[in-house]
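Listed below are the structures to be examined.
Common to both upcoming complexes is chain A, partnered first by chain B, then by chain C.
Presenting the complex of A and B:
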C-alpha cells in the first residue's frame, strides 16, 4: 500500500517537475511568467498523437520506432513553437510591464486550447493515447509496478538530469545562466542575448512536450483541457521551489505531488479536498518562505 | 408587408455545453435540435418558420445563468430547449421563472430541477436519476454482486447519483465499502484507486460524466484494480468508447427510455440525422433534444408565438408520441419515463443488456 502510494506520488512529481522546469527557465532568463505553458504541454501530447496516426497510417507498426517518431515530432515542433512564441510574444514586450506578457501568453494558451478542440478531429472528446510501452507488471502483495510506468519514470528523471547537466556543464547552459544573472553584462561578454532567450524557450517547451507525452502514455488518455491544471500545478511548483532555480522547481513538484497524495489519504471526507489541501499547503509554504524553498541567493541576481 | 405566403419567423433557444469536457453531448444535442427545426421548416404545413438561437453554457453554472438570461430577456425568443448538465439546469430554473420563458430540459437528470420548485416554466422530457439508480441497484445485485466502492464527482450531479444509488443499493442488500468524492476536473485517481484496491470491492460505481469515467476506468487498469465498472447515464456516449478502446468492454450503465433504434420513430431520426452530415454523432441524449424541440414547436403551432400560451400548452402535454417514446408530464411537468434501459459495452458498442452476450452467458463480467 505505502509503496504503491509512494510510486504514484513520484510519478506525478516527475510529470509536474517537467512542467515546472519550463516555468523556472523562462522566469530565469526573461523574468516573465509564460501562462500558455500548460497548453504547450497539451499541444505536445496532441502532436505526438497526430504523428502516431500519420506514422501508423504509413504502415509503421514497431512500437519503439513509433514512439521515437512521436517524441521527435512532439519535442521538435514544441521547441520551434516555444522559440516562435518567445520571438513574437515575449521579446517584443521586453521593457513593457510583466503583466502584459502574462496576459498575452494567457490568451495565446486559450487560443491553442480552443484550436485543438475545434480543429483536431473530434477534439472535444477525450482521446485514447496509444499504448506503446511493454505491457506487464511486477506484483508483490498489493503493490503493482507496471513496466511502462517504470520506463516513464526513468525517462522523466533522465530528462530532468540531462537538463541539469546541460545548464551546469555546457556552453549553452553557461550562456543561459549568464543571461539569467545579468543580461547586460552577459551581452558585453559576447553572449548573444536573443539567441540565448530563444534557446531557453525552445528547451523549456521541449520539456513541456515531453511532459505531455509522458502524461499521455501514463494515463493512456489525453484531452484538450489537460494543460489547465498541469499549468497551474507546474507554476505553483516552480514558485514553491523558488522561481529561477531548476532544482527548486523539481523539489517544488515533488512537494506538490506528495501533498496531493497525502491530501487524498489523510484528509477526512476524502479526496474531494485534495487540491484544496495541496494548494492550501502551498499558500502556507509561500507565507513561510516567500522566495521559495530553494531561493536564488539575491546576490546572484544583482 | 411580407410577401404573400411568407411565414413569420419564431425563435427558440437551444442551450447546452458546446465546449468543455462534455461538449460531445452538447454538440449532439444541438445538431438534433437543429435537425428538428430543419425538418419542420421544410414542412409546408407548418405555420411558422423556426430559428434556433444556439448558446453555449460550457457546463458551468455561472456561464449557464448568463446565457439563460440572454435568451430569456430576448423577447423574440418564445421558448427554450435547455441544458445537459444538471448543475447548470439547477442554477438556471430561477432565471426562466423570473422571465416567464417556458423551457424543456433535454438532458439533465437531477430530480430537483423539476421537483425542488413548482415552476410552471420548467419541463423535462428525460427521466431523473432516481429511477435510473433504483433499477441499477436492483439489477446489479441481481447479478450476485455484493460489494461496491463508490466514486462520484462533487457537483450536484455526482452527489445526487451517490445519494440515490447508495440508498437504493442498501435497500437491495448491497454493501458499500468506501465512498470517494472527487473534483470534476481531476486527472489523477491513483490515490483513490490504490485505497479501493485495498478494499477489494466487486464493483466500482461511478457517478459522473464521460471524461472522468474514461480516466478512472483507464487508471483502474494501470493500477491492477480488478472490478466491474458501473456507470450512469452520464457515461453513455460514443466518446466513452472512443476514449477507452477495448478497455470499455463490460462497462455497465443505465438510461431512461428505450434505445432510440428500437423506438417507432428512431430509425427515421437516425436516417434524417445521417443525411444532414453533421460532423458529430447525436450521442445518447440527441433524441431527447430532438423530441424536446418538436414538443416546443408543436406547442407554438397550436397556440401561436406567445410565451404564456406556449407554457400552458406545454403544461398540458399528455400521451404525445415522440422519438423517445410517449411523453406525459406529471404535476411537476416531469415526463414519467417508466422504462430504464440497461446497457453494457460489447465489442466497442453500447449494447442493450438483453441483446448482449453477457445476458446469454456467452461472456461474463470480470469477477475477482
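Presenting the complex of A and C:
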C-alpha cells in the first residue's frame, strides 16, 4: 500500500517538477513570474493531441513513431510560443512593476485557455488522450506498477536531469546562469541578454509541453482547465522550493506531491479535500519559510 | 476666482446619460454606437483638458457634486423601474464596483495585490445563504462583511512575511482552496449551491414587486438597486475621505517604499493588514447583497476567473483612481450581456483587453492624479 502511494506521489512530483522548473528558470533570468505557464502546459498537450489526429489521419499507426511526432510538435511549438511571449509580453515590460508582468501573463494564460475552450473542436469537453505506451503491469502483493507509468517516470526524470546538465555543463547554461546572477555584468562579458532570455523561455516552455504530454499520457485525458491548477501547483512548488533554484523547484514539487498524497490519506473525507489540504499547507509553509526552503541568500539594500 | 460648478455637473450628467443609454439599448449596433460615443468623449476630454476642468470644478464644490451624483443614480433607477433585466445589471455593476473598491483600497493604496477577490465575495454570499432568514437582513450583511474580513485575517501573517510574487501566491492559493472547499463540502450544498432568502427591512420584503394599482407595478429590483447604489455611494465617499486623510498618506508611503515609511515611524505591516481587512469586508458585503439579489449561490461564481475579472476592473479603471472603477465595471458587466453571443467570449475578451491596456496605457483608462494639497500652487 505504502509503496503504491509513494510511486503515485513520485509520478505526480515529476510532472509538477517539469512545470516548476519553468517557473524557476523564468524567475532566474527575468525576475518575473509567467503565470501563463500552466496554460502552456495544457496547450502543449492539445498540440500533441492535434498532431496525433493529423498523423493517424495520414496513416501512421506505429505508436513510438506517433509519440515521437507528438513530442516533437508539442515541444517545438511551445518553445516558439514561449519565446514569442517573452518577446511580446515580458521583455517590453522590463522595468514596469512586477505585478504588471504577473497580470499580463495571467491574462495571456486566460486567453490561451479560453481560445482552446472556444476554438478547439468541442474544446470545452474533456478529451481522451491516446494510450500509446505498452500496456500491462508488474504486480507484487497489493503493489501494481504499470509499465507506461514507469516509462513516463523515466522520461520525466531524464528531462529534469538533462535540464540540470544543460544549465551546469553547456555554454547556454552558463549564459543563463550569468544573466540570472547579474544581467549587466553578463552583458559586459559579451553575453547577449535578449537572446539568452528568449532561449530560457523557449527551454522552460518546451519542458511545460513535455509536462503536458506526460500528464495526458498518465491520466489518459486532458481538458482545457487543467492548466490553471497545474500552473498554480507548479508555481507553488517553485516558490516553496525557493524561486531561482532548479533543485529547489524539484524539491518543492516533490513536497507538494507528498502533501497531496498525504492529504488524500490523512484528511477525513478522503481525496476530495486533498487540494484544500495541500494549498493550506503551502500557505503554512510560506509563513514558516517566506523565501522558500532553498532560498537564495540575499539582503535588501536600502 | 471661484470655479464654476457646471463642468462637474456636465460630466456627471454625461456619465449618467451614457449609463442609461447602455442599459436601455438592445440592438447590437446601438450598443456599439454608445460605446463609440463614450470613447470619443474620453478622447475629447483628454485633448481639450475638459477632464481637468471637470475635476477642478468637482473639487471646488464638494457638497454639490455628490448630491448631483445621488440624484442621477435615483433618476436612473426610476427610469428603469419596470425593466427587471436592466435593474439587475445595474445592481450587479454597483456591487462589483463595491467589491472593486475593496480591492482598490488594498492594491491601489496599500499595494497589497489580492487575487482572491471572488473568494471573499463568496464568503459573504455563503454567509447570506446560511444565515439569511435567521437574522435580520442588515445583520446578515454586516456578518458577511465581518466573516470575509476574518477569513482574510487568516492570511495576515503569511502576507506580512512574504513579498511580491510570494505574496501573490498566498492569495491565489487561498482562492483555489476556498473554491475547492465549497465544491466538495456537502453541508454548503456542494456543486449545486444554496438558495438565498431575500432582503427584508422592517416588514418590507425586497423580493416582492411593488404594486401601486393594476397598471403601475415596479420591479422588485428597484429597492435592491437603490440599496446597492446607496452602499456604493457611501463607501465611495468613505474611501475618498480616507485617501485625503493621514491614513491615505500613510498607505501611499507604505506602498511606495515600506522601508522609508518605517523610518518615519509608519507601521507598514499594520496598515497593510488594515487595508486588506477593510477591502475584504467590502468584498464580503458586496457578495452578501449580490447573493440576496440573485437568490442563489454556487461555487462556479467564485472561481479564479471571477477574481481576475475584479482585478481587471481595478486595472482598467486606473490603478489608484476610485472614479474609474464605475465605468470599468460597466464595461465588464454590461457589455457581454448586451452583445449576446459575446457572453461566451467574455473571459477571452477581458484578457485581451487587459493585455492591451497594460501594454499601451499602463496607468489604466483614468489614471490617478498626483496628490495635490489645497493652498499649494
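By definition in this document, the second predicted complex is superposed on the first by the 298 of 302 C-alpha atoms of A that agree within 3 Å, B and C clash if a C-alpha of one lies under 4 Å from a C-alpha of the other, contacts with A are read in each partner's own complex, and residues count from 1 in each chain.
Definition applied: a residue touches a chain if its C-beta (ideal position, glycine included) is under 8 Å from a C-beta of that chain, and two chains touch if they have at least 3 such contacts.
This structure is a prediction, so every number in the text was calculated from the model and none was measured.
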Partner chain in contact with A:185 - chain B first, chain C second, else both or neither: neither
Partner chain(s) touched by A:228 [first = chain B, second = chain C, both, neither]: both
Touched partner set for A:5, first chain B, second chain C, both or neither: first
First, second, both or neither for A:102, with chain B first and chain C second: second
First (chain B), second (chain C), both or neither touched by A:142: first
Contacts of A:56 with chain B and chain C, given as first, second, both or neither: neither
First, second, both or neither for A:287, with chain B first and chain C second: second
Partner chain(s) touched by A:243 [first = chain B, second = chain C, both, neither]: second
Which of chain B and chain C A:89 touches, first, second, both or neither: second
Chain A positions touched by chain B in one structure and by chain C in the second: 114, 228-229, 269, 272, 275
Residues of chain A that touch chain B when the two form their complex: 1, 4-5, 8, 11-12, 114, 117, 122, 124-128, 137, 139, 142, 144, 146, 149, 218-221, 223, 225-226, 228-230, 260-261, 264-265, 269-272, 274-275
Chain B - residues contacting chain A, complex: 19-21, 23-24, 27, 154, 179-183, 185-188, 190-192, 194-195, 197-198, 210-211, 214-215, 218-219, 221-224, 239, 242-245, 280
Of all residues in chain A, those that touch chain C in their complex: 27, 33, 89, 92-93, 96, 98-100, 102-104, 106-108, 110-111, 113-115, 118, 228-229, 232, 235-236, 239, 243, 269, 272-273, 275-276, 279-280, 282-284, 286-287, 290-292, 300, 302
In the complex with chain A, residue positions of chain C that touch it: 113, 155, 157-158, 161-166, 168-170, 172-174, 176-177, 180-181, 184, 259, 304-305, 308, 311-312, 315, 344-345, 347-348, 350-352, 354-355, 358-359, 362
